[in-house]
Amino acid sequence: MRGIKELAMNRNTYSKVIDFMLFLIIFLFPLFDSNEYHLDVAVIIGIYCIINIGLNLLLGNTGQISIGQAAFFGIGAYCSAVLTTNLHLTFWLSICFAAILTATLGISVGLTSLKLRGHYLAMATLGFGIIASTVYVEWTELTGGTSGFLNIPAPSIFGFQLDNEFKYYYLVWAFVLLVFISTQHLINSRIGRALQAIHEREITCGAMGINPAKYKLKIFTLSAAYAGIAGALFAGFQNYISPESFSVYSSIIFLCMIVIGGLGSVWGSIIGTVILSIFPEFIRAVASSEFISPQIKAILNEHSYHLIAYGFFVLIIIVFLPEGIVGGVKRLEAKAYEWLHSKQIVIE
Amino acid sequence: MSFSNVLQILVGGLTMGSVYALVALGFHIIYNGTRAINFAQGEQVVLGGVIALSCMSTLKLPLPLAFFLTLIIGGVIGYFYERLAIRPNLETSELSIIISSIAVAIILQNSIAVIWEKDPMYFPPFTKGGSLEFMGAYMLRQSLWIMGITAASVVALDRFFHQTLLGKAILASANNSEAARLVGISPFRMVSCSFILSGCLGAIAGSIVAPLTFAGGPLGTMIAIKGFAGGILGGLSSSRGVVLGALLLGILEFFIATFISEGYRDAIAIFILLIALMLKPEGLFAQE
Amino acid sequence: MRTKRKIISIVVIWVFVMGILSVAHAEYRFGILNATTGAYAGLGVHKKKGIMLAIEKINKEGGINGEEVVGIYEDFESDPSKAISLAKKLIIQDKVIAILDCGSTAASLAVKKVTEKRKIVQVNTTPRSALAVDEPWPAYYFQTVPDNSVDAQKIGDFVKSLGVKRVSIIHDSNQYGTSGAIFQNDYFKKAGIEVVLSDKYQKTDRDLTSILIKARDRKTEAVVVWGTIPTPAVIAKNIRQLGMKVHYIGSSGLGSPKLIQLAKEAAEGIVFTSALAYGKMLPNEKPLFDAYKKKYDKFPNYFTALGWDCVMITVEAIKRVGGSKDTTKIRNSLESLSEFYGVIGKYKMNPTDHNGLDTSALHLVKIIGGKWVVLD
Amino acid sequence: MMLKTENLNTFYGKVHVLRDVCIEVEEHEIVCILGPNGAGKSTLLRTLAGLMHPKGGRINFKQMNITELSAEKIVIYGMSLVPEGGSVFTNLPVIDNLILGIYSQQKKLSKEEKTIRLNNVFDLFPILKERETQKAGTLSGGEQRMLAIGRSLMSKPEMLLLDEPSLGLAPLVVKDIFQALQDINKEGTTILLVEQNAKATLEVADRGYLMLLGKVMLSDTSDNLLKREDITTLYLGKKRQFSNK
Amino acid sequence: MALLKTRDLVKNFGGIRAVNLLNLTMEEGEIRSLIGPNGAGKTTVFNLISGILQPNSGTIDFQGVYLNKLRPHERCQLGIGRTFQTPHMFSRMNVLENIMLGCHSWTGTEIFENVWRLPKARREEDDIVRTSEEIISFLELSEEKDNIANSLPFGKQKMVAIGRALASKPKLLLLDEPCAGLNESETEWLCEILLKIRKKGINVFLIEHDMGLVMKVSDTIVVVDYGKKIAEGTPAEIVENERVISAYLGSP
């Protein structure tokens, strides 16, 4: 245990450097790979990252499950779409409104979270997701129903149109960086510690002057607002939104992403999102590569095996790395450290 | 709205509610054994349907035999599901079990589509003949089968968990696995048992509801969610609770669809469920 | 270190090979955007079969000017926003010259922005949204399926001919069903037929007695169903269960052998519109029926025909401009495509109509004794 | 010889908790293991009961090697552990908790035998009879401890391992429990007991072992141990050790 | 004015009356012990005072403030700190962080300030660290400061739990069986700590079965049985009390 702790201390000194390097890579990526499709995937990943950082804060740090995160995502998207398209507000104002609206709804859903826990909370948030999905479909005048919401204008910044993948990439990842930094700060503050405590043992918290209800509600609100912002970014990027993108299935995939990435870790959210979003591309590359014989290709083409592969992929990761990828890496690190340590002793 | 119509709605609601109830019972079993939620339950039901169909059409087995074979296959699948996907995660957290079950649900759903077909398939009703009339309401014969077998399953499960030693052992090992080991209960085996049981139940459910819902098709997610909702509404810890909750949800849906709005049916039903949860957070029919 | 170097060299070689492969193509690349998973999977598989059969046939006959037609298939999992990404992938990475199918109305609309911007033809198999019908056709947006308004007219004419005064419309809650119901309502209003009930169902509903008892109470004489299999079969079963004596008329979406398989006796007497004249095969339908019979030993359904046709009209358009791969030329050629008989019917495209099918493309089919019988 | 361990070595994670532990317990004995916190007493019991597995050494129980057996199996052979704090099945009623005690022998037992055993337990701890239908989670700490002992007795073990049965209990209850242990012992059950409460324990035990830092420091009869001055100093051991908790 | 005063406190669990018309008055500057047989309702009394449970009837006053309506964290902010029977360490935190958590009751920066690391949040963080380190050195835990609290020996964990309660700057410290699981030397040491804590002006109210410690440190002792107070007085009085002997101590 001591080894891990010391390592963690070391990590603190290095982690900022590592964070900086990783973000540098992220920000240089478009300069090396200008394939617009790759950038498109990267933009979507960035948007999902924002949601998942919020969701991870909620689940990994506060211990509250939400299977309704896609609903906030959708509400943010529709809010922004309505404001920019029908009311001709600027995109930036619409983001603010989307965040405010989702935060408000987050409070009301969060209120249920004060009374419910575990599977009952899961059901409540799932229910919220279902209700939201129904409203997208049924409120046709506003949302366009199943046809989706058409012709959402692309955002601009000081007259500079963010109308292609390259420009949007920087917009989205700038947001990710912002969310990343603020969440890191939050986790390492008195509030972060309180959240951790609430996660582990709520009753003890009260005896230490922590108001679990207050923080649970606030974090619910914050994570809803993150999802709302992501939604607004999504609407501006796709120029088209439809209820399918915000279904319960999406919520479940978000959940898979953070669990696979690593609960309670901001990088975990990002890594999980990236890996589960890249995996279909990987399958696609394998299926279309020349290494596979045409006969197998024909079979693969006949059926949709990619989702089965996806399922197995998720299963394998969760079976072999139950604490997620970040948890696995940490364990590896600790092992490496111990190994190094033992070597040193031998040398002495 | 005439009395016969209300009766008709009740018949429809109870039938659909029974379908949900069978899924909710699956959730209940796994919850009793592991405190986790098995999101693959819906797909296991769909799988039960298509396996029974294959037994009948490909192997040309008579219905009772096909039913029995499906039951066994369901149990075997439950066993392997637990061994391969659940056991490695048993000691980490409920959440990783849930994610495992989601992954298995995705695999099962798409495998069914690949092995059988994407469209739903016809499944003959257990007994031939037109619908039965009772005071102006018409009921399919299959509905009687569904309700009857659901009721039998509830009674059997209730007895199993509260009167047999094995059932109590499952409850005990979920509650305190170390203490369970000390009295000779193997917690792993208990979890296996609950998954086999829920696999069997899924197979039963699949084969009896298939004449109504067709075999296969994209139904798994929907009934999993409805079953889960019903179970939560009633309270996951008691078998009677989950069934009552699921039946209530089924009836609620039909009344909403008829009197308020078909489009907002799910939303309103869920909204009522949420209000019920706010008033009684542990479920409407939970004991204590 | 050695393993690291090995990995790097493998990656480099792989990238290099992929690069060569992606450059070296002298062929016609069509992107096929289709959903074989998710809500539209049931339709997607049939459309895909049609498309693949058509491509096979074209290539067997020597392709276009001796060059092969290649279909690059992507599954958008019934999520339109995935369709947007995949459309970009097909255009940018795979350099396709046309996108076929698009799977659902919502996905077609979602992809529209991408195809318009990059000037790539999209040939859809789904009718336009009722919301977009009054708008002019987008430049690169074509479809092989008759608009819902055409279908609604055909159904309406038939209902009128039955002399029915009170009808109920039950439709799928998806885009197809909703917009069909809008047209159907309009038609009946104009024709003076009273619509006593207009309600929708979810694709996963397996018991619709809740809607049907309302229709029964309102003394409906006919039920018009807009949707796709399997739920219309459930409606048929429920009508029989409730002992209702009503006419059952369905939209083209019912055109699948599955209807009879699922509803069994309850399917008896259902009338639906169909672009395929089942039973009395028209000459333009023969190639599809033959090819399908050969490969699957079954009759194709409506959706297979839609998939087949979207390949056929695109290839025809390309042939008419001498095999050009210039996407604008293909677009112009498609827009002027007329007098072309597809399986569905005769396409008469023009700048104000990127579909060109009318009620003449549709037939009425009745199920009698478990068989299709064409009424007209 | 009922139980004999040879050079047991157990690790808790990286921590070497038991170091070459050798103990012997004869039939019908009450043997206690004393020692300060972190001496490895609980770990020893958990290793014996099969909840933890030693990295080296051997455990012989009734001339059988049970070193590699899991906890579930060991119960069947007649050794039962009452863990620290008496972990009971909180969601089950008292009666079910007791009945589960015979899980390992369910097939062999007649109905009458079950009733007899149940009554024996109720005779020993009358309070459990009063609380029969109450959920075990609603019992107080002492009652839960009694329930756990009762549950172990249901399997009529030849050997009972007890981990700090008096921890956190009121003096009167402690007396009750020790009295009960003596009664159980008289009926033929061998008892191995881990305790902090040295004086009270030695009064009921026949022999005692003293453990420190994972090692058995000495063993002797209770009377001798009670007399020895140095035990008290050892036992008080000023050093604060690393515990396995 | 009395520090803590309960009047006719009643708490029922189902049909069982765990606390029965309990009246307690605690003055400033004392160490008071609450003893009684298991299941007598001692922990329930603590839970009522700290607000984890709500009484069925009766009132609780703390320095003249009516406590009944307040939630646990509000009571903590008023100055009631407590520990539990088990140490309840937070598994992913080290000793310092565990104790820093205790400082929550007197700090007040919000999410917004912490997200952007505003000066106020930084200042507060420094305060928290300083206070926690003082407590760590007071409890002689400096060596363990950076260790994960869960990996410490049980006795140390109990110390950390007391430290965590002290970090909330309480006026009244409720300790639930601080000695259970400690060996005799540790118990002795805890004795000294308790006396030192009192010297700091913090009142201590403890539940304990270790009569040695109770007799040594307590100014007064309250004995409860079946939720009822059966005796109250100085240690010397209690030892002599017939009812206490028959209900709890047992004849020597």
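When the chains are written out, they are named A, B, C, D and E in that same order, and each has its own residue count from 1.
Going forward, a residue touches a chain if its C-beta (ideal position, glycine included) is under 8 Å from a C-beta of that chain, and two chains touch if they have at least 3 such contacts.
Computed from a predicted model, the values in this text were never measured in an experiment.
**Q** Give the fewest steps needed to get from chain A to chain B, where each step moves from one chain to a chain it touches.
**A** The least step count works out to 1.
**Q** Average the CA atoms of each chain to get its centre, and name the chain whose centre is farthest from that of chain B.
**A** Computed centres place E farthest from chain B.
**Q** Farthest chain from chain A, comparing Cα centres?
**A** Chain D.
**Q** How many angstrom between the C-alpha centroids of chain E and chain D?
**A** Result: the chain centres lie 31 Å from each other.
**Q** Any idea how many Å lie between the Cα centroids of chain B and chain C?
**A** 35
**Q** On a C-alpha centroid basis, what's the spacing between chain B and chain D, in Å?
**A** About 43 Å separates the centre of chain B from that of chain D.
**Q** Report the inter-centroid distance (CA atoms only) between chain C and chain E in whole Å.
**A** 72
**Q** Out of chain E, which residues touch more than one other chain, so two or more?
**A** Expected reply: no residues.
**Q** If a residue has to touch 2 or more other chains to count, which residues of chain B qualify?
**A** Counting only residues that touch two or more other chains, chain B contributes 110, 113, 263, 266.
**Q** Give me the residues of chain A that touch two or more other chains.
**A** Correct list: 1, 137, 303-304, 307.
**Q** For chain E, which residues are in contact with chain A within the complex?
**A** 50-52, 71-74, 76-77, 81-84, 88, 90-94, 97, 100-107, 109-111, 114-117, 121, 124-125, 128, 146-148, 151, 164-165, 168
**Q** Quick one: which bits of chain B touch chain A in the complex? Just the residue numbers, please.
**A** Of all residues in chain B, those touching chain A are 31, 37, 39, 84-85, 88-89, 92-93, 95-96, 98-100, 102-107, 109-111, 113-114, 221, 225, 228-229, 232, 236, 261, 263-264, 266-267, 270-271, 273-274, 277-278, 281-283.
**Q** Can you list the residues on chain D that touch chain E in the complex?
**A** Touching chain E from chain D are residues 36-38, 138-143, 167-173, 175, 196, 235-238, 240-243, 245.
**Q** Which of the residues in chain E come into contact with chain D in the complex?
**A** Chain E reaches chain D through residues 13-14, 16, 36-40, 85, 152-157, 177, 180-186, 209, 211, 247-250.
**Q** If you look only at chain D, which of its residues touch chain B in the complex?
**A** These residues of chain D touch chain B: 49-51, 70-73, 75-76, 80-81, 83, 87-92, 96-97, 99-101, 103-106, 148, 151-152, 155.
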